[in-house]
Structure formats: C-alpha cells, structure tokens
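Each structure below is given as structure tokens.
In what comes next, chain A is part of two complexes: it sits with chain B in the first one and with chain C in the second one.
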Partner chain A sequence: MRKLAVDVVVIGGGSTGAGVVRDVAMRGYSTVLLERADLGQGTTGRFHGLLHSGGRYVVSDPLSATECAQENAILSRIQSEAIETTGGYFVTGPDDDPAFADKFLEGAKATGVPAREISVAEALRNEPRLNPRILRAIEVQDGSVDGWQLVWGAANSAKAYGAEILTYHSVTKIDTADGKVTAVHCTDLKNGEDVVIECGFVLNCAGPWAGQIAAMAGAHPVDVIPGRGIMVAMNHRLVNRVVNRCIYPADGDILVPVHTVSIIGTTDVKVDDPDNLAIEPKEVQQMLDAGEVLIPGFRQSRALHAWAGARPLIKDNRVAAADTRHMSRGMAVIDHTTRDGLDGMLTIGGGKLTTYRLMAEHIVDAMCEKLGEKRSCRTADEAIPGSESGKNYLVTHRLEDREHDRLDDQIICECELMSRKMFTDALATQPKGTFDDLRRQLRLGMGPCQGGFCSMRATGIALESDHIDIERATGLLRLFLKNRWIGLWPILYGDQVRQTALDNWIFQGTLDVEHLPQPESEVAL
Partner chain B sequence: MSRVIVIGAGLSGLVAANRLAGKGVDVTLLTKGIGGLQLGQGSIDVLGYAPDRVTNPVLTLSAIASARPAHPYAAIGAEAVHTGIEYLKALLGDLLVGDAEANYQLPTAVGAIRPTCLVQPSMVAGNVTDGARFAIVGLRRLKDFHPKLVAENLSRTPLPDGGRLDARPVMVDVPARDGEVDSSGLTYARAFDDPAFRDRFAAALKPQLNEGETVGLPAVLGLKDRGAWKDLSEKLGHPVFEIPLPPPSVPGMRLNEALTALAKAAGVRVVNGTRAVSARVEDGVVKGVTMATAGAPREFTGEAFVLATGGFESGALAMDSYGSVTETLFGLPLQGLDDGPLVHGDYWSAEQPLFSVGVRVGKDMRVLDAAGAAVHPNLFAAGGIIGGSSRWAEKSGDGIALGSAVRAADSIVEELA
Partner chain C sequence: MSDETKPGLEFAGHEFARASLDACVKCTICETQCPVAAVTPLFSGPKFVGPQAERYRNGDSVDHSLDYCSSCGTCTLVCPQGVQIAELNSQARAVMKADHMPLRDRLIGQTTLMGTMMTPVAPIARAALHNKPIRTIMEKVVGVHRDAPMPPPQGQTFASWWAKRPKPATAATRGTLVFFHGCAGGYFEVETSKKSVEVLEHLGYEVIVPKQGCCGLAQQSNGLFEQASASVLKLCDDLRAAGKDLTIISSSGSCTGMLKHEAHEIMGVDDERLKDVGTRIRDIMEFLLDLHEAGELPTDFATIEMTVPYHAPCQLKSQGMGMPAVEVLGLIPGLTVVESGAVCCGIAGTYGLKKEKYEIAQAVGKPLFEMVKKTNPNLALCDTETCRWQIEQSSGVKTEHPIWMVHRAYGLS
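Then we have the complex of A and B:
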C-alpha cells in the first residue's frame, strides 16, 4: 500500500477536474488528481469539440451565454494550442422560423455575445456546401477545441505547480472522522496497488459519476441525471466554421469542424447508467437527417465514427426530470456541510467544456472560503505550457510539421500525419498506456482507415520500444481493433463499408490476426 | 464489339479472360484500375479454415460443398477448383508451387501462422517445421514490417503439426534510396531488382546471421526480377523466404503483372482506367456495359458478360446510409440479406454477415435469382461478387475466384460454340 498526504484531492480527470487541479495548485495547495481511466476519457472527450461563442444560449440561458462569451476569449488566449478559432454561423433552415433570428440578435446584444447578421449570399460564399435555401445567417465567434489537448494542457500546467496526476486510479472509499473528510482510498488499476491519500479537502469533479463519489463519503444522494448525447464524425471538413441551426436548442443542430473531420451532434436522452451508453440506430438516422438540413448531400458523405457521451447534469426542480436538455447547464456547487453535515468536501455538477476554467474558479473560491483563506485565482492570466505563443492551431499544422521532418522521420499514421517520433515520445511518457490512451493525444487511428494501416505499425514500434512484452503488444492490438469497431459499426455505410472490407482483408486475410495465440484474458487497460 | 466482356481485373477476371482468349474467344476486359491481387498476400488460398485449420483444402472444400448449399463452393465444386489450380499453374509456370491437396503454413507480418495453398517459390522456406530456426529480418526504413513482433509471436505459437520453432529478430538499415527514411515496400522491391543493391544488402545482413538459420524477410525481394530472392539467398548462404505485407503487395503485383501480360499476349483487349457505370439489358438479355470514358461514356457490347467485380472492397457492392445493399452495376438480386442484422458490435466474435453478401450462382456460374432462375441468360459471375462465404476468414477467396472463373469461361465457350 502506498501512502500520500496532500491538502486537496481532486476526483475526476475530465475538463472540470483538470481545471480544478490546476487552479488549486496555482493557489499554492499541494494536490493530487485521481482519475479512474485516462484524462478526458469520460464526458470531455466525447462531445463535439465546440468552443461556444455563447450564441447557443442567448435565448434559452442568458447567464450561460455571457459566461461562454467571456471564457471563449480567455481560453483562446491561454490554451491557444488546443483551440482553432474557426468562427461560426447560426443559420435559419428552410423550414425554421425566421423570427427566431430576431430574438437571437436581441439576446446576443443583451448578453454581450458578439454576433452580426450577414447576407445569405455571404454565408454561402464562405461555406459553399451550406444549404442554399437557408433564410438567414448570423456570424458568431464559435471555435473548435480538442478536448484531450485542453485537459492535458491544464494537467501539465498543474504538474508544473507541483500537482500529481494519477490516471487509472479508481476511488474505492472515502474516510471521514468527526464529520470531516480525512482520506481517499484508491486502487492503481495498472498494477493493483492500493493507495491512501490523507487530505484536508476533497473536490468531487466526477461529472456523471459525482453521485457515486458523494455516496462514498456518506452524503445524501446527489441526483445526477446523465443525459446521453451521440456524435457522428464525418470524414471531411464539410464546413470550415461551426454551423448551428438558428432555432431553440434541439437535437442535431450543430456541425463542428475539428482537425480534419467535422462532427455533428447531438442528441439528449436521459439514461440511468453513464457507463452504459448505447448508440441507437434511430439516433444515428436523426443526426444524418439533421445534417441534410444544413448540408445537402450529407448522407452521401463518408461517416467515420460515432460515439456517445453523458452530460453531468444536476437535477433541477424547475423542469421535468426527463427533459435533460433544459436542465441547468450552469454549474452547481453542492455544499456538503449545510446539506449533509459533512465538512471538507464539495461536489460540482453541470457546466460545459467552454466554461471549465470558470467552474474551477468558483469551486476553488468556495473551498478557500470554507478554509477561511484568501488566495486569489490566477488561471485566466497565465498561458498553459505549450500555449505561451498565443498562436491558435490550424488544420494544417501537422502538415507543416511533417514538411519539416519528412526526410528524417517516418509517418506512422498517414491519415492523421502522426510521425514515428510523436508516437515513441508519447509512449515514453505513458509506457503503460493503451493505444487508445496514446490515440487521445496523437489521433492515432482516427482518420479514414480507422487503424487499418497504422495499428500494426504501432504494435511493432511499441514492442521494439521495450516498454511492453509480446503478450501485451498483441493484446493491445486486439484491444485497439475492438475499440475502433465499437464506434464504426453503428455508422457503417457508404465508403466506410468499403474501407472496412479492405481493413478486414488486411487483418483477417493477409495478417490472420485471429490466429495469433489467444490471450488467457484480454488486455483491458 | 467483343464476343465476351469481362468486368474486373482481379484474380477471377484475369483468369476468366485468359481462359476465354486461350480458347480462341474474342475478349474485352474492363477495369477501373489495378485489380485486387495487389491488395492480397500474393499466394493462392483455397481453404485455410473450416473453421479449424485445414490441411487438405480440396478434400475439405468437398465437405463444405455438400454441407453448405449457399457456399460458393457448393456451386463451383472441387473439380472446377482443381481445374482452376492446374490452369493457373500452367499459365504462370515457375511463379507458383504447391498443389491442391496440401496447405503451406506460412508466417504473416504479425507472426501468425497462416494456411495457404499455392505459394511463390520465394515463400516456400517459411513453411513452419518443428525445430526450425528463423532469423526474421526487418528493414529500418520500412514501417510495415516489425521483426520483433513477427519473431516473438512465432516463437510462442505451437505449430499446427506440433512442436515449436525458434525465431529471433534482426534489424538492418540499408536505404532503398539515399536520404529517404520512409520507403514503401514497392520502393524496396525495385531496389532488390538491382544486383548491386542485393550485394550491399547481403553484406550488411550476413554478419548478423547464425549458422543454420533460415532468413525471413518482408515480401519486397524484387518486382521484375523473379530470381532476386534466390540470388540473395546464395549471396547470404542461407535459405530465404518472403513474408507478405499489407498493401501494396509486391507478390500480388508479380501475379497481376504476369496474368495481365499473358492476357494481352493472348489477344485480350484491356480497357483500364475508367469505371463501368451502367448496363443495358433488352428483353432480359445483357447487351452492353457502359464505361465512364473521358469526354463521353462509351458502351462495350458483347454476347456474354462475366461479372468479376469483387465485393464491398472494390465498390461492386454498396450499402447506403439507410442500410440498403445493392450490386452497383446491374442491381442484381443478392443473397445473405434476410438472416438478421448485417453487422454487430463484437469485433472478435462471429463474422460480420455483411461481408458474406453477394450474388447467387448456378453450377455454370450464371447469376440466379432467389427462385433459382437465371437473372439474365448471358450474365455469369466469378470471384468475390459471389455471396455465401467469409473469404478472408476462411482463406478461400482465391479458390473461389479460380473455380468460378474457369467454370464461367468454360460455360461461355460451350454456349458460344
């Protein structure tokens, strides 16, 4: 058993937890972040990557709108490396109510969200694939954000301030004594070791899993209602700006260009278990129909991958429990002292990726107040490591990198222009990582071939690195192929069927991967 | 314009065209590009798993033919596969060895041991045997072959006939082209065509080899020079074998180039570089196939047609976003669509039924409808377009292609006569 002692334990390695651990560390507390899987593997990495301008909320949730507009400007500066400032349009579809755009413009003015109506002709000039039958178009400052880069950036910043980031550490128990949290127990899932962390404070940032964590400390049930959303990644940047429907927020009304793909989302269905999120065929069809409204011919475009995420919404009595879209997306800090008579713990719920820094500021402010200390937040003032230049990324940035090193290094993943050195460097920092852990940082296997060509190469290179043995290398290949398939089969149509046939030809046909020695138990992490 | 039109230039299309031309029939071969041979492993599979590992492919396929009426081998039959194999061997001379009664068990580029029936001579020394000692050699600048992965998986795998082999990885760094670190298999194959490169390569490798070792290399040992591997083996003083890579497949290209050259020499007219987009049918009879040639579409008419277009991998079959599956040229009726979901979510469990979808054929390889009647009297199918099998999992694709191609060709010859 390993023992640690820190001021603050942060539970949850999504954007909220990463933002919180950075803020806590920057205010001079010693801190550890615990995440049961990889950073950004839960909700954060499973949404469309929209950096909100605030436009989406100008009518339905004015407070969120203002916060989004402010945080958008801050993040584009302090985390420039993770953000592409694409800009965005709100467009009125052929059958949408054109009057909503007036409400939208009024709301934007009232909430301080920069917005400007442009002519349909201008919108079509800039985004030629847009439906030419749109009625109105409003320009906003939406952007696209790489959730994994965002979270790792915040985590690396926290580390620079002395924080420890423990991924694949699953919380098993929270000790309390005399009405106060005293320690957090967890298991290092990679080696089975138990770890006990004595602490003065616990910040519960576990998102859809926050209820489960609060229960471990003996708190009254925290009602988290996971709202499932599905996303479909299309093979090309069908648009270069974020395109939103100018309607009251609904399903499938956002198309976001992220790196080399564009992502349409999303649905919102109340579910019971955030660990069990199905991708329903009818929801996929719904996304494709919604895509057709924005981009005629959307169904003929190539879909690459689908996934589902769970929103961490805290129950709000103002709306019916079944309508999760309209529950408060604003953050809610649950004070367990007044609620449960339990000192030393706060739970945070709700919120969104765009406002993750602000949420962290609020919860750490609340903690400082409880501790009777005045330490001010500096997270908006300082760029995270890697973003000091303030230069936002461009879709072409890897192409530029490869132009520089193409004569010195191999390209292991042609789809995403990942070099051999990028892979071996990431592997050296995460020698126990799975290929999916590496994928989240490198985009390995996320392009058109979905691992068809790169996954065998990655296996061979990982084995040659001597971090892993042959059983694990082969097991990681099996795991990667299995996991890619989870997101492939729900959208398997058109050109991706053709690609899958080729991939099967390679793996089953030429390589006969199925007849490698079967593992006694599959590699899972 | 020709008496017979063959559509598709994979193994089945090339064999059908050769066989027809060899019997004096005027043939035009239509193809969008290089056929599927360059995507495969460059050996000839007949039957590798059923689902257990198969040692005698022709014998086992007879059993499948009687037990599984929807399987292509039920229509094709063992005799046609036999004929196809003998025909191909006669065509290609020293490029293929082996016979229909036995499988080789050859290492793959991940170190699995894969059954296959006819192989190129450059692969023979890889046939696994108890107590064999392999040096698996990687090229530092070729990213599609990782010797440690191959060697360590081979060493830990019990051999099909019992026993073990001992394999160890060796890495050498000989550039195929100066200043290039990311060379493709094709670039290396062209380099190995050059005797001077083979000298340099042998000089770099030889000191790393131990006595008694057989040398396994990625399958890039020459494209044009069929003796390159043998020359290298002599220079090294060790037996050498090739291990096929993912596409582009150099051994597949050798087969493709040889069969294409033979077809042209036999008088087949090859129209390459454009897609067949539509077919004209009058009174149930196929009259012509139109290619999207530059400037204006162009129709190729004939008396009989061989559909050798492959499956989903080539675009011969397609599934749209509503889940509807079609044969893209003729809109032919398909088998395998009515037995439940076409795909499922578990990658490592049962085969995905989608990839067994295809047309039905009769014993003469005419395309049939669900009732067993010919869809068009002059339309025949060969190769991957025929449904009913999991070609890649079974390792049966080439045997199906050969058997159906000779059957289709022979039926047409009989018909025209």
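Then we have the complex of A and C:
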C-alpha cells in the first residue's frame, strides 16, 4: 500500500477536475487528482468540441450565455493551442421561424454575447455548402476546442505548480471522522496497488459519476441525471465555421468543424447509467436528417464515427426530471456541510466545457471560504504550458508540420498526419498507456481509415520500444480495434462500409489478428 | 489573391473534386503507380497530397511540396474508388500559387505567343535554342532548364500552309470535319497537322480549319485558372463557328483532353459551349479506329517492314479510350508496334522544362528512353507534342505522331 498526504484531493479527470486541480495548485495547496481512467475519457471527450460563443443560450438561459461569452474570450487566450477561433453562424432553416432571430439578437445584446446579422448571400459566400434556402444568418464568435488538449493543458499547468495527476486510479472508499472527510482510498488499476491519501478537503468533480462519489462519503443522494447525447463525425470539414440552427435549442442543431472533421450533434435522452450509453440507430438517422437541413447532401457525405456522452446535469425542480434538455446548464456547487452535516467536501455539477475554468474558480472559492482563507484565483491570467504564444490552433498546422519533417520522419497515421516521433514521444511519457490513451493526445486512428492502416504500425513501433511484450502488443491492438468498432458499426453505410471491408480483410486476412500471440485474458487497460 | 484568378480558385476551394475524397480507402494504388513519387522523395505522393492533405486545407495550401506533382493524371486513372486525385492536386496548386505565380510559369503558359515570336525568325530561334550560353542565361533568368527539350521552330505555320496550298482536286464524298490543330500543331508540329488533314482528305472528307486560339492547357497546369478558362471558352467559340454538329478532329492529344474533360473537372468550367465542343471532339487515331470498327476505314495499306516503339501519353490515357493508335497501326502489314509499358515520359506538359524539375522528369522518363533506344534507334511514335520532344531529346531517337505512319501506309508520303 502506498500512502500520500495532501491538502486537497480532486476526484475526476474531466475538464472540471483538471480545471479545479490547476486552480487549487495555483493557489498554493498541495493536491492530487484521481481519475479512474484516462484524462478526458468521459464526458469531456465525448461532445461536440464546441467552444460556445454563448449564442446558444441567449434566449433559453441568459446567465449561461454571459458566462460562455466571457469564458470563450479567456480560454481562446490562455489555451490558444487547443482552440481554433473558427467563428460561427446561427442560421434560420427554410422551415424555421424567422422571428426567433429577432429574439436572438435581443438576447445577445442583453447578455453581452457578440452577434451581428449578416446577409444570407454573405453566409453562403463564406460557407458554400450551406443550405441556400436559409432565411437569416447571424455571425457569432463560436470556436472549436480539442477537449483532450484542453484537459491535458490544465493538468500540465497543475503539475508545474506541484500537483500530482494519477490516472487509472479508481476511488474505492472515502474515510470520514467526526463529520469530516479525512482520507480517500483508491486502487492503481494498472498494477493493483492500493493507495491511501490523507487530506483536508475533497473536491468531487466526477460529473455524471458525482452521485456515486458523494455516496462513498456517506452524503445523501446527489441527483445527477445523466443526459445522453450522440454525435456523428463526418470525414472532412463540410463547413469551416460552427453552424447552429437559429431556433430554441433542439436536437442535431449544431455542426462543428473540429480538426479535420465536422461533427453533427446532438441528442438528449435521460439515462440511468453513465457507463452504459447506447448509440441508437434512430438517433443516428435523426442526426443525418438534421445535417441535411444545414448542408444539402449531408447524407451522401462520409460518416466516420459516432459516439455518445453523458451530461452531468444536476436535478432542478423547475423542469420535469425526464426533460434533461431544459435543465439548467448552469453550474451548481453542492455544500455537504449544510446538506449532509459533512465537512471537508464539495461537489460540483452542471456547467459545460466552455465554462470549465469558471466552474473551477467557483468551487475553489467556496473551499477557500470554508477554510477561512483568502487566496485569489489567477487561472484566467496565466497561459497554460504550450499556449504562451497566444497563437490559436489552425487546421493547417499538422500539414505544415509534416511539410517540414516529411523527409526526415515516417508518417504512421496518414489520415491524421501523426509522425513516428509524435508517437514515440507520447509513448515515452505514457509507457503503460493504451493506444486509445495515445489516440486522445495524437488523434491516432481517428481519420477515414479508423485505424485500418496505422494501428498495426503503431503496435509494431510500441513493441520495438521495449515498453511492452508481444502478448500485450497484440492485446493493445485488439483493444484499440474493439473500441474503434463501437463507434463504427452505428454509421456503417456508404463510403465507410468499403473502408471497413478493406480494413477487415487486412486484419483478418493478411494479419490474422485473431491468432497472434496474446495474453491469457484480454487486455482492458 | 488578385481578382483575375478568383472564380476558378473559388471553384478549386470547395467543389466536387473535394467531395470525391470521401471515396478514398487509402489503398495506396495511386502511390504505387505515381511516376514522380517513384523517383524522388521530394514529392509526397498523390494520396498524401490529394485526399489526405485536402482534409487539412481551409482555403490555404501550406504544403508547398505539392508543386512536385507533374499533373500527369495517372493517379486519377488508376484509382479504383473514383477519387479525383490529380484534380485535387491541380486545384490546391492553383490556390497555393495564386499569390506568387512565378514569371516563368506565366510565360511558358503563353504557347501562342511563343509560336508567333519564333516562326518568323525560325533559323535564328532554332540556333538560339541550341546555343549553350543562351540556354544557360535562359535557365538563370527564366528558370527553364538548359537541357530541357524546346519546341522546334518552323519557317511556316500550319495556317499559312493551309491558306496557300492547292485545294484537293477530287470532291469530298464523306462529309465535313473540323480540324483543331492546337498551338503546337499550328506553330511547331506543322508536319503532323499537314499529314492529319491529308489523311482525312484521302479518306474522302472535306476539312475545315477555322481560325483558332489556344486551349489554355499550359496555363491550367501552371495554376493560371482564370486565364485558362477564358482561353478554352474562346477556343470553343472558334471551333463552333466552323459549323454546328460537325465532328472535330485533333492530332494534338493533350489539347483534346483539355476540351474533353480537364477544363470542366479541374477548373469547373461549366458552360454549354464547352459541353458542345467536348462531346464533338475526337482524337485522330480514335476517329480512325471508330471508322475501322464501323467497317468504314480502307485498309489498302502498303507494307511497312519495321518494328517501332509506341508510347501512349498520360493525357491520352486519361481520356479513357484505350490506345487507338496501337490498334490502327496494327492494320498496317509488316509493322510491329511495341507498346512502351511506361507510365510517363516525365515532361508532363511544361513540368520537365523547369530547372527544379528537370532531373526528376529525366528520371521518370529513363525507362522509356531506354526502351525506345533498344526497340528502334531510328524511330519512335507518340501522340502528344511535348512528349515527342522529350523522348527525342533524351533518347536521341526521332519521334513522330502515329498519323505519320498511316500517311506513309496510304502512300501519301
């Protein structure tokens, strides 16, 4: 058993937890972040990649709108490397109520969200694939964000301030004594070792899993209602700006260009278990239909992958519990002292990726107040490591990078232009990582071939690196392919079917992946 | 970006070649067939530059090495999935070069101008083009390699020969054809044009040769889309003026390809005039084969005892009509035609003239030059002008259009 002692334990390695651990560390506390899987593997990595301008909420949720507008400006500056300032449009579809745009402009003015109506002709000139039958167009400052880079950026910043980030550490128990949290127990899933961390405070940032964590400390049930949303990534950028429907928030009304793909989403269905999220065929069809309204011919474009995420919405008595779409997107800090008579723990829920830094500021402010200390938040002022230049990400970056090193280095993932060095560098920092862990940082296997050509190359290189043996290499390859498959089968139509057939021939026919040397039990992490 | 290059470039930015990238399954067949990637690492290959890199382009072309693509079109031809790889590359190049089009690339696109300037001073021009110091200066100032093949200046243009020659004594029995000679066929490959119309007249056709301009191919392949689009439409007007619904015949293989498909597929020229001309034009060997298949080609050919190498140019293959010259020449008794089997001669229009591409183009063509020399050191056959100049210059073997052989077999020369 390993023993640690810190001021604050942060539970949850999504955007909120990473933002919180950074804030805690920057205010001078010793801290550890615990995440049961990889950073950004839950909700954070499973949404649109939309950096909200606030436009989405100017009518339905004015407070969120203002917060989004402010945080958008801050994040675009301090995490420039993870954010592309694409800009966005809100467009009135041919059958949408054109009067909503007036409410929108009014709301934008009242909430401080920059917005400007432009002519339909201008919108079509800039985004030629857009439905020519749109009735109105409003320009906003939406952007796109790489959730994993955002989280790793915050985590690296926290590390620079002395924080420890423990991924693949699953919380098993929370000790309390005299109505106060005293320690957190967890297991290192990679080697089975138990770890006990004595602490003065616990910040529960587990998102859809926050209820389960609160229960471990003996708190009354926290009603987090996971709202499931599905997304579909299309093969290339059908638009270069975010395109939203200018209607009251509904399903499938946003198309976001993220890296090389464009992502349509999303749905919102109440689910019971955030670990069991189905991708229903009818929801995929619903997304394709919605895409067709924004981009005629959308259904003929190639879909690459689908996934589902769970929103961490806190139950709100104003709306029925089944209607997760219209629950507050605002954040809620739950004070367990007044609620459960339990000191030393706060839970945060709600919110959204765009406001993750602000959520962290709120919960850490609340903690400082409880501790009776005045330590102010500086997270908005300091750029995180890698974003010091303030230059925002551009989709052309990787192509430009490869242009410079293409004669000196191999390209392992051709679709996402990942070089051999990028892979070996990432592997060296995460020698125990799965290929999905590396994928989240490198985009390995996320392009059109969905791992068909790159995953066996990556496996060979990983084996050569001596970090893994032949059995684990096979296990990792099969795990990677299995996980890719989860997001592939729901969208198997059109061009992606031919790709999948070719990939299958390669793996089954040429590589005989079922009969390679493999460990006795399947590699799971 | 200057205004003159805009419309074609807007098309290049987001039209259907881009949509075709969705069909790519990364099979790499295009890369295995690319003649440029086979000889130099400087070019990243058609799959990389085309369907892969296109996903990273947002109106910007940051990968300047795509200019090593010779636009031979082999990738599009071999792609089993229908990806318009060469078209994507040509479009991306046009976008990339829009801000800094080299003077050289503007100049070598001006094929008509070159012809008009050289013809009146043909002996001087010929001497100058073979003069080392002059060519060295030309390489330094303009960027055209000192050893690159140059068009052979002629003392008389095809148009002036056509105007002055005695008209055929016998009346036409088979109807009327329009002859499109192209810039090279008008100024440099005058003999090929002459022999083409003589064969057509021998077969009993009345031939009309309207006043005609340039198809714009050299401008297009150098990324000057706006100028090329204007040229090709002007040419369509010229050819349409000769008569409605008449079949148009050309012995200029690459210009034919420009009219048949390239202007539309690469630059997005979507115009009824182009559709009209593009569907009426036939390569001369294609036309002769059509006649033969219809049982209408006289095969009273004289015997020519000879073995001759034949190279089918890339831009002919891209027209999707097989190798009509091989089949037509097969009708001549005694003649053995050996198909080169080579992908490309390297020149690809103006690519192999450029000083930074010359060595690559030579390496691309090397197997072909060797094959030609081995098969017949005195004569080779090829359908397009710049390819003939390249083969002749690099192998030292005289290279003719296949129509010369037909002309001879009919006893016309």
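Please note the rule applied: the second predicted complex is superposed on the first by the 522 of 525 C-alpha atoms of A that agree within 3 Å, B and C clash if a C-alpha of one lies under 4 Å from a C-alpha of the other, contacts with A are read in each partner's own complex, and residues count from 1 in each chain.
Assume contacts are C-beta pairs under 8 Å (C-beta built on N, C-alpha and C of every residue); 3 or more make two chains touch, one makes a residue touch a chain.
Only a predicted model underlies this, so the values are computations on that prediction, with no experimental measurement involved.
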Contacts of A:247 with chain B and chain C, given as first, second, both or neither: neither
Touched partner set for A:514, first chain B, second chain C, both or neither: first
Chain B versus chain C, judged by how many residues of chain A each one touches: B
Touched partner set for A:477, first chain B, second chain C, both or neither: first
Touched partner set for A:448, first chain B, second chain C, both or neither: second
Chain B versus chain C as contact partner of A:438, first or second or both or neither: neither
First, second, both or neither for A:10, with chain B first and chain C second: neither
Contacts of A:497 with chain B and chain C, given as first, second, both or neither: first
Touching partner for A:406 - first (chain B), second (chain C), both, neither: both
First (chain B), second (chain C), both or neither touched by A:457: first
Shared chain A surface residues [contacts with chain B and with chain C]: 406-407, 411, 452-453, 498, 502
Residues of chain C defined as touching chain A within the complex: 10, 13-14, 18-19, 21-27, 41-42, 44, 47-48, 52-60, 62-65, 81
Chain A-touching residues of chain B, taken from the complex the two chains share: 39-41, 49, 53, 108-114, 141, 143-146, 148-149, 152-153, 156-157, 179-182, 244-247, 249, 311-315, 318-323, 343-345, 347-348, 352, 354-355, 391-393, 395, 397
Touching residues on chain A, where the partner in the complex is chain C: 128-129, 235-237, 240, 260, 301-302, 394-396, 398-400, 402-403, 406-407, 411, 414-415, 417, 447-449, 452-453, 495, 498-499, 502
Residue numbers on chain A that touch chain B, as the complex places them: 285, 288, 299-300, 303, 406-412, 420, 452-453, 456-457, 459-461, 463-464, 470-471, 473-474, 477-478, 481-482, 485-486, 489-490, 492-494, 497-498, 500-502, 504-506, 508-517
